[in-house]
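The following blocks contain the structures, represented as structure tokens.
In the two assemblies presented below, chain A is common to both, partnered first by chain B and then by chain C.
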Partner chain A sequence: MTHVSERTARRASLGRHVLPYAMLSPAVLVTLAIVFFPMIQTAWMSLHDYVLFRPNDFTWVGLDNFKAALSDEVFWISLKHTIIWMCTTIPAQLLLGLATALLLNQEFPWRPVARALIIIPWALPSVVIALMWVWIYDSNYGIANELLLRMGLIQQAIPWLADPDTALASIILTLTWQGFPFFAVMILAGLQSIPQSYYEAASIDGASAWRQFWHITLPGISGVMMTAVLLRMIWVANSFDVIFVMTGGGPGYSTHTLPLYAFIKARTNLDFGYGSAIAVLFTMLLMVVVLFYLRRTGKAVE
Partner chain B sequence: MALHKPTKLKRILTVDLPMLAILAFTLGPYLWMFLTSISRQETLFTEGPSLLNATIENYTRLFRTVGFADNLLDSLIVAVGTVVVGLSLSITAAYSFSRFNFKGKRILMLQFLLINMFPLVLLILPLFVLMRVLGLLDTHLALIIANSTVAIPFSIWMMVSYINGIPRSLDEAAMTDGCTRLQALRRVVLPLCLPGIIATGIYIFITSWNEYLYALTLGGREVRTITVAVQTLIGEYEVQWGLLTAGGIVGAMPATVLFLLVQKRLISGLTQGAVKG
Partner chain C sequence: MKFRTLTGLASTLALCAGMASADSTVRFWYHFDNADNPMDALVEKFEAANPDITVEAENIPWNSYYDQLYTAIIGANAPDAAMVKMFAQPRLVEMGALAPIDDWLASWEGTEGLQDNLIELTKGPDGKQYYLPVQYVVLYLYYRPDMFEELGLSVPTTCEEFRDAAKALTRDTDGDGQIDTYGFGFRGGKGGHDHWASFVLGADGVSLTEGLTSEAGIAGTQFVADLFQQDKVFPPSAPNDGFQEIIGAFKAGKTAMTIHHIGSANGMVEALGDNVAAAPVPACGGGQWTAFGDESTAVLSSAEDPEAAWKWISFLSSPENNALFNEATGQLPVVKSDSEAWSLHPQRFVQATVDSLPFAEMLPNSNATADFVNTEWPTNMQRVLTGDITAEQMNTNIEKLFAE
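Here is the complex of A and B:
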């Protein structure tokens, strides 16, 4: 009897040690194969002269691709656009999302309907988003021009996406539209986790609505906002598909961003070596920003 | 601001009206697209889109001449495949993360978080080269694999938060009654988090359905998903906005409907981790 229980105990302990890894291994192995291995391959390709239509040509060039990128004018233009793009899209999404969340947190009869509908842009395929905004911005028949003309804000129709001066701004508006529901939903969840009693105590002490917002609401949702901004930074960095469909990076280079430039280099020029180098550079820049952000927000939260 | 009940008029001015404005901004483009899609091609540019003399001719043309049905089928295969791969690999992994303490747990969890941090452009080039070598270009499998790079870490993240919500005492009770770990997982934990599994599956379905860049790069003549088809429409039927917007509506329909169905559960799962910090 004791012998048997000892054996089952030993087996159980062995199971306790092996089982967690056994249950994890399929997921880990697959991600190693389809995520980490390809990533290393990108780094490897970036160190080679690799153009796809010359299949046998895979020569080691060291850091030449990176040097070429740093002296490539288009690289710097794309970098500038990337900075503008991320530094305007994310704050705009955050502010609009915050306003929406504060409204949705109030009580009004049709709140459930509003909450369900606000998410629609988030669920749409980026291609469809691009399509409908191209139609809205259409220079001849688009509704954007029509509305602005009727209100007398502009004198003649503007070709929003074909004009280098307005193309990037137009795309930023589209991306803001696409992404702000995400912030609204996240921040709303944060708002609802703040205990009602805080507000009751504050208003007994005579704190104004603005002071309550500043001292209770904002600290209460700061954690959620920081997480949301972090997730969104990465998402926005990935969302070049909207740009690709709307303008393809044009007119000229006026809507080129780094991920888009890397993609175009590889896709149209089949220059996988150079494209990989730009992708690696972009990833490193993004990582630096993310790490810096994490350190700053980590301190702020403490 | 929560204590004193505002008067009805004040509420309408400060809450209802701003909310309506934001909703108009949110839904306007979509409704405009819908309105365009039910307008006649001939009158679209002269009279503009309108609800009067609505027509479904754009939709019938879409399926008859453009062959949208095949694209829908391709998208369906890829999306369902990704759901199966993503869920089956992540359930045991999530259970392991949720219930056990073991060496390397932090690192492994971090690894799955980190995957989401890398920009997609870093993966798309090597995956293309890889699929070319394996001869998988222009197959459903290639797209399922590519979509799984996002689906697996995402569903692990979601499943961990759902399984954490189920008390450990339940699986322990099942094991005292003679179940093994895996039986406890299958008979007790899985049924309880079924709603969560369904929500996660639907979210994976939506993201795979909506995915465009992988579909463009790894697909081709044989396998052309709906998103690529819509984009090709833009090139081919440049000014036929009735047809184009009809394509957009059809392409967006499954994802929109599914999203509205599960949004409540999905959002609670998504935000749980973030709110708890």
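Here is the complex of A and C:
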């Protein structure tokens, strides 16, 4: 009897050890197959001369593609744009999202409707957003020019997307509009987890609204904000669909970013070796930024 | 009883299997912008005549057509037959993706009925025939006769006259200080190389592979840059404008001239009535150059049943079927008998096409052509238009690409 129960117990403990792995393994296997395998394939291709229309010519070239990329003018232009793109879009989205979340956290009639409406830009497919904004910016019929002309702010219609001085900024504005609801919703969730009693106690102590915000609200949502910024950083850095639809990287190279450049090289020019090298370089750069960010903010939040 | 049911079932199954193997399926890829798609009618007609062949025709969006085609070929998931353009042929041949059609052509009764010289024009880089022409167009100049008349202008025949006309046509018609009409709708985005080429490659001794960096070649690109930067006769959005924009602007009266082919003629007439006409592109630098826009079909080397695929593509280039095909694309049939009976475009546009044929040319039969069309030309042209690089740098870059 005891022998049997011992065996069952052992089996149960074995089950407890094995079961989690067994349950996790499908997810792990799928991730390996659809994320890690292509990643390794990309790294492998980046070390070869691989042009898709010469499928039999797969020559090992070592780091030549990387050397070529580092001496490629377009690589540096794209890198510069990627940095501008990330350093403006994410803070703009964060600030706008924070302001929206604070507003939505107030009591006012129709609040649920407002909360539902605010999510629309985020819920729309990128291609739809891109096409919509192409029309807004259109220099002949676009509403942006029409409004500015009527208000007398400009004298001549501006070709927002065709002028290299305004093209990147115009796309950044579009992406800010698309992405701020994500911050708004995340921060709103964070705000609602701060107990009301903190504010009551603070106001009894005579803390001003600003001090309440600085000492209660901000620390209360810092964890959420950190995660949201991290996620957005990766998404914004990788997103090129909006740019691709709006300008295709043009005029010239004025809206090229690194992921877009890698895509154009691989998919349009069919140069998968070189395209992969750019993608690998970009992944490494992004990884450095993300690690740095995690270390800094991790300390700050603690 | 049980045994009999079983054998009955088995023989039915065997019969089904036998029927399935006798039938073949042709997967066909094509691209039509036109929503009025005749493909279903053509497939139905073909299947009625060839009951053992099923055609699965798939309309692939033009913007990613070649990206998808190359990827499908590499991924061993290519269609059996596809619509193809000349600029892609060197690459497809190099990939070994196409099946030669010489033997079929030799025994096909339709070969004689094709327009003269088309087979010769579409020959592969290795001398074999892979492409079967299905439609063609020639680019010409669209203009607004009413605006020309109002200003007392005549249709430009040289680049100098073109420049003067474009300057005169660029004007503020309602006095609000805004330019309402621009002289020329220039396509600075992908696909606009034909516009640029008409201003540049007409000059003596200048082609994409030769003389591009000569004085005449650079002057051609500079001419385009000056039209935009100094004369301001293109809409300011020109560097990014594509097909939709140039056609839309012309229809809306935003531009007084542009370059395109007969495929857009009916739409233009619908919008503008008699206020649209066509003429061959002006002569620049002493000669004329315009683009011959080709479209063919081909059998892929990976086709499961190449014979069936050939039957289908030759069906599309046969009398009557070819006319039906071109009714939808708005281009011109390659079958002689169908061209003679052609009445789907107003005569003035057919005339402009015919008048342009003697100097119409195709892009070089080179591996570099696809990159030239897709990325090299648009990026360089946009950089010249926005003042980022000079005309000379652009021509040097293109020359380098073709020299590689």
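Brief remarks follow.
The criterion applied here is as follows: the second predicted complex is superposed on the first by the 297 of 302 C-alpha atoms of A that agree within 3 Å, B and C clash if a C-alpha of one lies under 4 Å from a C-alpha of the other, contacts with A are read in each partner's own complex, and residues count from 1 in each chain.
Just so we're on the same page, contacts are C-beta pairs under 8 Å (C-beta built on N, C-alpha and C of every residue); 3 or more make two chains touch, one makes a residue touch a chain.
Remember, predicted model here, so these are calculated numbers, not experimental data.
By the touch criterion defined above, A:S13 lies against neither chain B nor chain C after alignment on the C-alpha atoms of chain A. In the superposed pair of complexes, A:S139 makes contact with chain C only, with no contact to chain B.
By the document's definition of touching, of the two partners only chain B reaches A:I118; chain C does not.
Residue contacts after overlaying the shared chain place A:P164 against chain C, while chain B stays out of touching range.
By the document's definition of touching, of the two partners only chain C reaches A:Y253; chain B does not. Measured by the number of chain A residues touched, the leading partner among chain B and chain C is B.
Residue contacts after overlaying the shared chain place A:R54 against chain C, while chain B stays out of touching range.
In the overlay built on the shared chain, the residue A:Q156 is in contact with chain C alone; chain B does not reach it.
In the superposed model, A:R267 makes contact with both chain B and chain C.
Across the superposed pair, chain B and chain C both touch chain A at residues 138, 140, 267.
Contact residues of chain A toward chain C in the complex are 52-55, 138-140, 149, 155-159, 161-164, 247-254, 264, 267-270. Taken in their complex, chain B has these residues touching chain A: 1-4, 11, 15-16, 18-19, 22-23, 25-27, 29-30, 32-33, 36, 44-45, 48, 89-90, 92-93, 95-97, 100, 102, 105, 108, 111-112, 115-130, 145-146, 148-149, 152-153, 156, 181, 206, 209-213, 217, 226-228, 230-231, 234, 241, 244-245, 247-248, 251-252, 255-256, 258-260, 263, 267-268, 270-272, 274-275, 277. Considering their complex, residues 67, 70-71, 74, 91-92, 94-95, 177-178, 188-190, 235-241, 249, 252, 254, 367, 371, 374-375, 378-380, 382-383, 385-386, 388-389 of chain C touch chain A. Here chain A touches chain B in the complex through residues 15-17, 19-21, 23-24, 26-28, 30-31, 34-35, 37-39, 41-42, 45, 96, 99-100, 103-104, 106, 108, 114, 116-128, 130-136, 138, 140-141, 143, 146, 177, 181, 185-186, 189-190, 193, 196, 199-200, 203, 209, 212-213, 223-224, 227-228, 234, 237-238, 240-241, 244-245, 259, 262-263, 266-267, 272, 275-276, 279-280, 282-283, 286-287, 290, going by the rule given at the top.
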